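Take a look at these structures.
Across the two complexes that follow, chain A remains constant while its partner is chain B and subsequently chain C.
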Partner chain A sequence: MSRWEYFIKRLLLTVPVLFSVLTFLFIMLRTGPIDPVAARLGPQAGAADRQQLRERLGLNDPLWEQYVDFITDFITFNFGQSWVVQAERDILDIAVGAAPATLWLGFWAILLPLFIGIPLGFYAGLNPNTFGDYAASLGGIIWQALPNFWLCVIALAVLRRTREGGELLGINWYTLGPDFAARDISITGTPALEWFSTTDVLMLPMPYVSDWTALAIDIKLILPPALILGSASMAAELRIGRTAMLETVNSKFVETAKAKGLPSRVIVWKHIFRNAMIPLLPVITSEAFLLIGGSVIVEQIFNINGLGRIFFQSLTQGDLPMAGALLFLFTLIILGLNILQDFLYTVIDPRVGYDQ
Partner chain B sequence: MAVEEESASGAAAADEARSDDPLIDVRNLQTAFFTDKETIRAVDGVDFQIDSGQTVGIVGESGSGKSVTARSLMGLIESPGRVLRGSSVRYRDLDAVREFAELFSKRTVAVEELAARYDPTEVFGATDATPAEFGHDDPADVPVVDVAAAGYTDEVGITDGDECVFVLDGDVDSPASIRDGFVEITRLSGEAQRKMRGGRIAMVFQDPLTSLNPVYTVGNQIEEALELHQGLSGKEATQEAAELLEAVGIPDARRRVNEYPHQFSGGMRQRAVIAMALACEPDMLICDEPTTALDVTIQAQILDLIAEIQESRDVAVMFITHDMGVIADVSDRVNVMYAGEVVESADVGPLFADPKHPYTNGLLDSIPGGQVGDKLSTIDGSVPTPNEPATHCRFAPRCPKAFDECESVHPVPTPVDEETDDHTAACLLYPDDVSTEEAVERHQEQDRRGDRQ
Partner chain C sequence: MPDPKSGEAVESTKRRRLLGLLGGGAAVSLAGCSDQEPSDGGDGSDGSDGSDGMDGDDGEDGEDEPQRTNADKAQAAWERAVANPLPEDEELRKEAYIEMEEAVRDDAAVIPLFHSFTERFWYDYVDVPVSGALGAHWQQYNTTTVEGQSELNLVNDTFDELDPIMSTDTASSRVITQLYENLTAFPNGVPVIENQLMSEYEVSEDGTTWTFTLRDDVQFHDGSQMTAQDVKYSWRRTVESENSERASFTLNQPVGLGIDAETDDDGNVVADSLAIEVIDDRTIEIQLVGPNPDVLDVIAYSSFSVIPQGYVGDIEGYDGEVTHQEFSTEVANGTGPFELDAFNVDEDVTVVRNDDYYGEVASVDAVNWEIIEDSQAAWTYALEQNADIFSVPTFAYEADAIDAEADDRGRQVGTYGPAGELNEEVNYVGVSEISTYYFAFNVSNTQRAARQAIAYVMNKDQIVQEVFAGRGTPAYSFLPPAIWPTGNDGYNQFLDAYPYSLGESDIEGARSVLDEAGITTDDPVDMTLTTYESQVFQTAGELVRDLISGTGVNLSLESSQFSTLQSRGEDGDLEMYSLGWIWSWPAVPYGMFQLEPLNTDTSSMPGETNGFYLDWQTRLEEEAE
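Moving on to the complex of A and B:
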């Protein structure tokens, strides 16, 4: 089986996974403790109204028919309407409106650890048992040990104080970079994400950055929550990166490469780096899964109107179709990340799919 | 008296040297690893030569220092290990000396020039160098080149530690005129070291399953060496890589050049590693137990391949193994190592026909394959880890012939009898045509390393 046959096989395997998730969701929504009719009409509704609503929601149909309807609705992204959170609004509209903020947060929460954690880990692995190694490793462990919700609160408190003269290392967060104090913007909130426009290049719409200040504001807004959301991943990537590096540096093929007379720059970047990335790949993608769960807390505290916050609200307020639809979207994201991981594996490691 | 004899023969050897020098001349090589707990003297004063085109076997149990010797020659010793001062490994190929003198003119010195600045009493006074370790009694007799190659002149500022090409005869400024000289391998670093590794001395490692990078094609890894040392790239390099694979007996080389290591079998991988080592047309090939990880039929094929390569390309081979049968098969000359020292050195015929050192005897007796039902004889005990410079025979605790003096006198390599000069054993029993008392006395006098740290 070649590498790409293996990849296609993995791709096809996501289909049954998707159906299992949908079935599970269906069972949860139908057998859960919340009665959809009561949730929508409230306890005072009359029997006639309730009966009418049951009919309208299709709850009187045979179960298999409900199941087929549910599946077709979900895979065509026809999620229906929200019950409580933003009552009577189309769920897809709500999700599409909230997704960019979450994606923006997720993007930075993945990017920052990637470019801080991995280089630090590789540095520590290349210089084991030096002061730099100990500093990086210890910092990583402490950083990982701090819980997100606590970090969020502390970070907000510290950043807020910088305004009233309590400057941190001489930095006033409000006036650093784009001036929030002058513009009267809060340091928390939903990024507007209105800094790009599209232009037609060869008949295709190409996005480009039209407002650099707006971009800077959005980045500054998202940095603290992204750094906190990515803190655990950063520390994990640092530690796994260090181990992977150490292991690869001491492997035989590195000695062979040295014996060939290759300069150490080539040995590190060509022979060590790619091999050390192999064990790091699942860490990076699985950390990306965690961001979805973690973003609920961080979005809530940093007042970002994203998917995580809406998911949290729909769970606490019993908005079943909303929660189900979001779970389904999260599943899609996770499956997508899985496919991305398999793809990267296939590119990096030629042994993938080789069974003997 | 014995000392005088030795220095006289040493001087005679130096005169002859110009005509047929060995390719590699290892003198008093010492490599130690320094940890918090202890110092491990993995290689502790080893001397041997390898002529060009010759196969020299290094044999011994695990832990006797064979692989560390090989890695010292390749410059692959890494912290916490290092090659100690006093060691010298000379690479005497004239082409290489000229090439290095041309490329690294700042690191090239004329020995004459050094001699003008050199004051023996200063060097031997300020450093822990002893004339005895160079085989002389009087510091004034020690040639400056020996002292400089061993690194002692760095400490008194005659050399600055960077010189690695020593010119004995010829003009330093016009490399083509150099008629005699050597590259000192223990003093190589940076670019010069990389030029030597792979380009002049190539190495084949023990385990072919792990010595190829799993994520690049075999061809890519061979091309890398070709590009580095021969300046080939692109199609040319691929072409050459395929030819190399074909030369080492890989069928359908043109297709296999694009395959990954995991698509090769163990024997094929070792062939690929050998092809990689040959990529830069080295003068010497170090094979560190190249057949240990392979099954017996493949072993024979790889041994044949190495012999064939040696014949057709006229490379010197340093063959490391613990398998006496393999050594008998491939080598011209054999050095038997024990606990960091060469205990016996002889041509392969005499060594197997008439082994002198009790350790060699023990190794030969331990080869399986006698009569069915015979109990296989073994050497009791195991190789000690040398932590201190030797002041006694390290094999004595396991030696069936040990006597009292073995615990107090350190034996040095000595010709086994008065007539032979190319068969030496480091054992107090030799030379065997003098009485044991006299032999012990000679060893005592000649022990040149003494208690140096």
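Moving on to the complex of A and C:
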């Protein structure tokens, strides 16, 4: 089987996965402990009101009919309205409104570990059993062991103390870079993401950065939470990067390359790097999966109005359609990432396929 | 304004998490409100003709003593108060309410635990009037000045509606107060009623026809003149709009105004049948189903806010200038000192000064609320001086840093700090709010001696100290001290007469009252305490269980979902339970009606009766009038 056939097969396999997720969601929502009518109306509603709402929500229809409606609604992104969290508003609107902040956070939470964790890991792998290796590895393990919620609280407490005199290593976080103190901006809050405009290039709107200060503010705002959110994966990348590097360095083809006199720079970048990336790829893509779950806590503590916080609210307040819709969207994202991962695999590693 | 942190269950679940942090239970308030369905006729009617309310069908009385019981006493007192609604009978009503309190206390049918205590802190560059017992969400910021900046910055909780008839929570009412106004108001949340959009009123001899004269200099934000038509339209919305959450406050008595209206077969109000008559542009007249001494208090509640006639088309006869969805989050057109600028749900709200305000025009250009749910984030925001008025979360709170004295309204006013991360001294006010959180018993399922024993061992001071770090007021009466009918002195007298060892855990007292009733460790009684998911009540329950063990009462604890607790209460299936009541306006009967013994009959709940789940039955043959 060619690797492209393998890829298409993987693509088709997501369809049954999607349906099982939808079915599972349907069962959870309909048989779960929360009565949708009670969640929406509250206990002071009279029997007539309840009956009316049951009818309106279609809860009196036969179950198979509800199931078909549910599946068609979700597949066509027709999620209906929120019940509790932002009552009567379209769920898709709410999700679209909250998504940019989460994407911004996720983007930096993936980028930072990539550019810190992997280089550190590769450095450690290239210089095994040196002081630098031990320092990097130990640091990585400790960093990974610290829980996110704790890191968030500590980070906030430390950063806000730098404001008046209590500077950390001589750094006042508020005046470092774009001055937050002078602008009356809090170090918590939702990034505005209003630093880009679009211009028409060959009739196509192209985004460009129109306000560099606003961009700097948004980056500064998101750095602490992104660093914390990415902390676990940063450490994982470091450790796997180190192992992968070590393994590749000691393999026979590297020895051959050395023997035929290739400069070590070429060996490292052309031969070792690419092969060491293979075990790292699933780690990187599965990070996105962790980020969705982890962003709940980080968004809550840093007061970022993103998908994670809305998801948390809808779960704790019994907003079933919203929680269901967000779970469905998360599923879609994860399935999409899995496909991306398979695609990258087929590109990086020509040996990938079912038969081998 | 909406009752603090109250509302329908949906609303309250939203706040349950938040209040969990504060140590309270948002959900509790809905205990009270939940029973006020528009469909039940209010108990004013069955109270005033008490004789036919007592006609035997709910007569299975659990007690056999022949003498007049405490329930009889309470029932008689309630009926006396309801039968004498006119202003000149005020003294008589006051006595009656205190008699009810005494009856409740002597039977230990309800054991009050605490009144919530809120504290407010503000930096020295802010000058804001001290808020009162009804809560700071009643405060309009036109009299607040901020030195050195043009905006007032505050923190708010999440909310999702600006429609006054939908608002049932404090978060939205903080904003709604700036945008919309009522005929009357409690300025700064101090429980003293004042005119707002009204200039004068008249009431008929029998107390059922009220005529309000409006101010003639009031404009909406769009520049149009406010008239009596607008008031009528706004009040019709409270009962006819499907968005209304407080129709009962318009229709019922004594837990509302009790405006006369026709209902159709389904119990819905017929369009335009509400007995409100526009006499002329400035005069409006309402017809009540019976006399009501609290009219001026009730119309200060936010659902009675005035919006321009026909602004929203959710009642018959109007197409609406804006859709209801726009009205709830995007636009506002009221008479208040601020106009809505932007509302980003879950992020922030900004209102800007109304330069044409008829009263004192605000000194700040704008008021901005950052919406923050997390206490770490909110505390950071406050320390950065991004919030000018703020609260201190319990983890950062240092009780010793308070330097305050009680003022003439019993508020603690003074300074706080420097303490912890807060490097400067800030202004401070602590107010005991008009709410009561309590344990109650289904009287016919429990023995009086056991209830009294629990009252003896429960040390409320200790519980408040342990659970709230002292940020609560121990409660000894159902009525909070701020609205005690006979004032501060009267309240202190009541405290002096408190029979269950004030301020200590009196295990000996419990033992002796149990001995008298023949309850000993050899012949114990079992009782179950059902709490909703509230840290306060669960901790209090554990303390009481540990203290009472070994006296002959075996208390077991269970916790249930709020709605489950309510429906079990309505089924009469509870023994001891926890709930709370928050006053939407500072009137004694709005609260007391739930203690009228006949109204606590769970066999006709929900529906005919809407009191506490006490089954506190009177002896029917001893009619008390």
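Just so it is clear, the second predicted complex is superposed on the first by the 354 of 356 C-alpha atoms of A that agree within 3 Å, B and C clash if a C-alpha of one lies under 4 Å from a C-alpha of the other, contacts with A are read in each partner's own complex, and residues count from 1 in each chain.
In the analysis below, a contact is a pair of C-beta atoms (placed from the backbone, for glycine too) under 8 Å apart; a residue touches a chain by one contact, two chains touch by 3 or more.
Please read all numbers here as calculations on a predicted model, not as lab measurements.
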First (chain B), second (chain C), both or neither touched by A:256: first
Which superposed partner A:348 touches (first chain B, second chain C, both, neither): first
Partner chain in contact with A:303 - chain B first, chain C second, else both or neither: second
Partner chain in contact with A:127 - chain B first, chain C second, else both or neither: neither
Touching partner for A:274 - first (chain B), second (chain C), both, neither: first
Contacts of A:175 with chain B and chain C, given as first, second, both or neither: neither
Touched chain A residues, chain B compared with chain C: C
Touching partner for A:88 - first (chain B), second (chain C), both, neither: second
Shared chain A contacts, counted only where both chain B and chain C touch the same residue: none
Chain C-facing residues of chain A, complex: 38-46, 48, 83-89, 98, 152-153, 156-157, 160-161, 163-164, 181, 184-190, 300-303, 305, 309-310, 313, 316-318
Chain A contact footprint on chain B (complex, rising order): 74, 76, 193-199, 202-203, 205, 207, 210-217, 224-225, 228-229, 260, 262-263, 273, 276, 280
Sites on chain A touched by chain B in the complex: 251-253, 255-263, 266, 270-271, 274-275, 278, 348-351, 354
Complex contact set, residues of chain C against chain A: 7-14, 17, 30, 33-37, 39, 153, 158, 160-161, 266-267, 325, 328-329, 345-347, 370-374, 376-378, 380-381, 383-384, 386, 421, 423, 562-563, 566-567
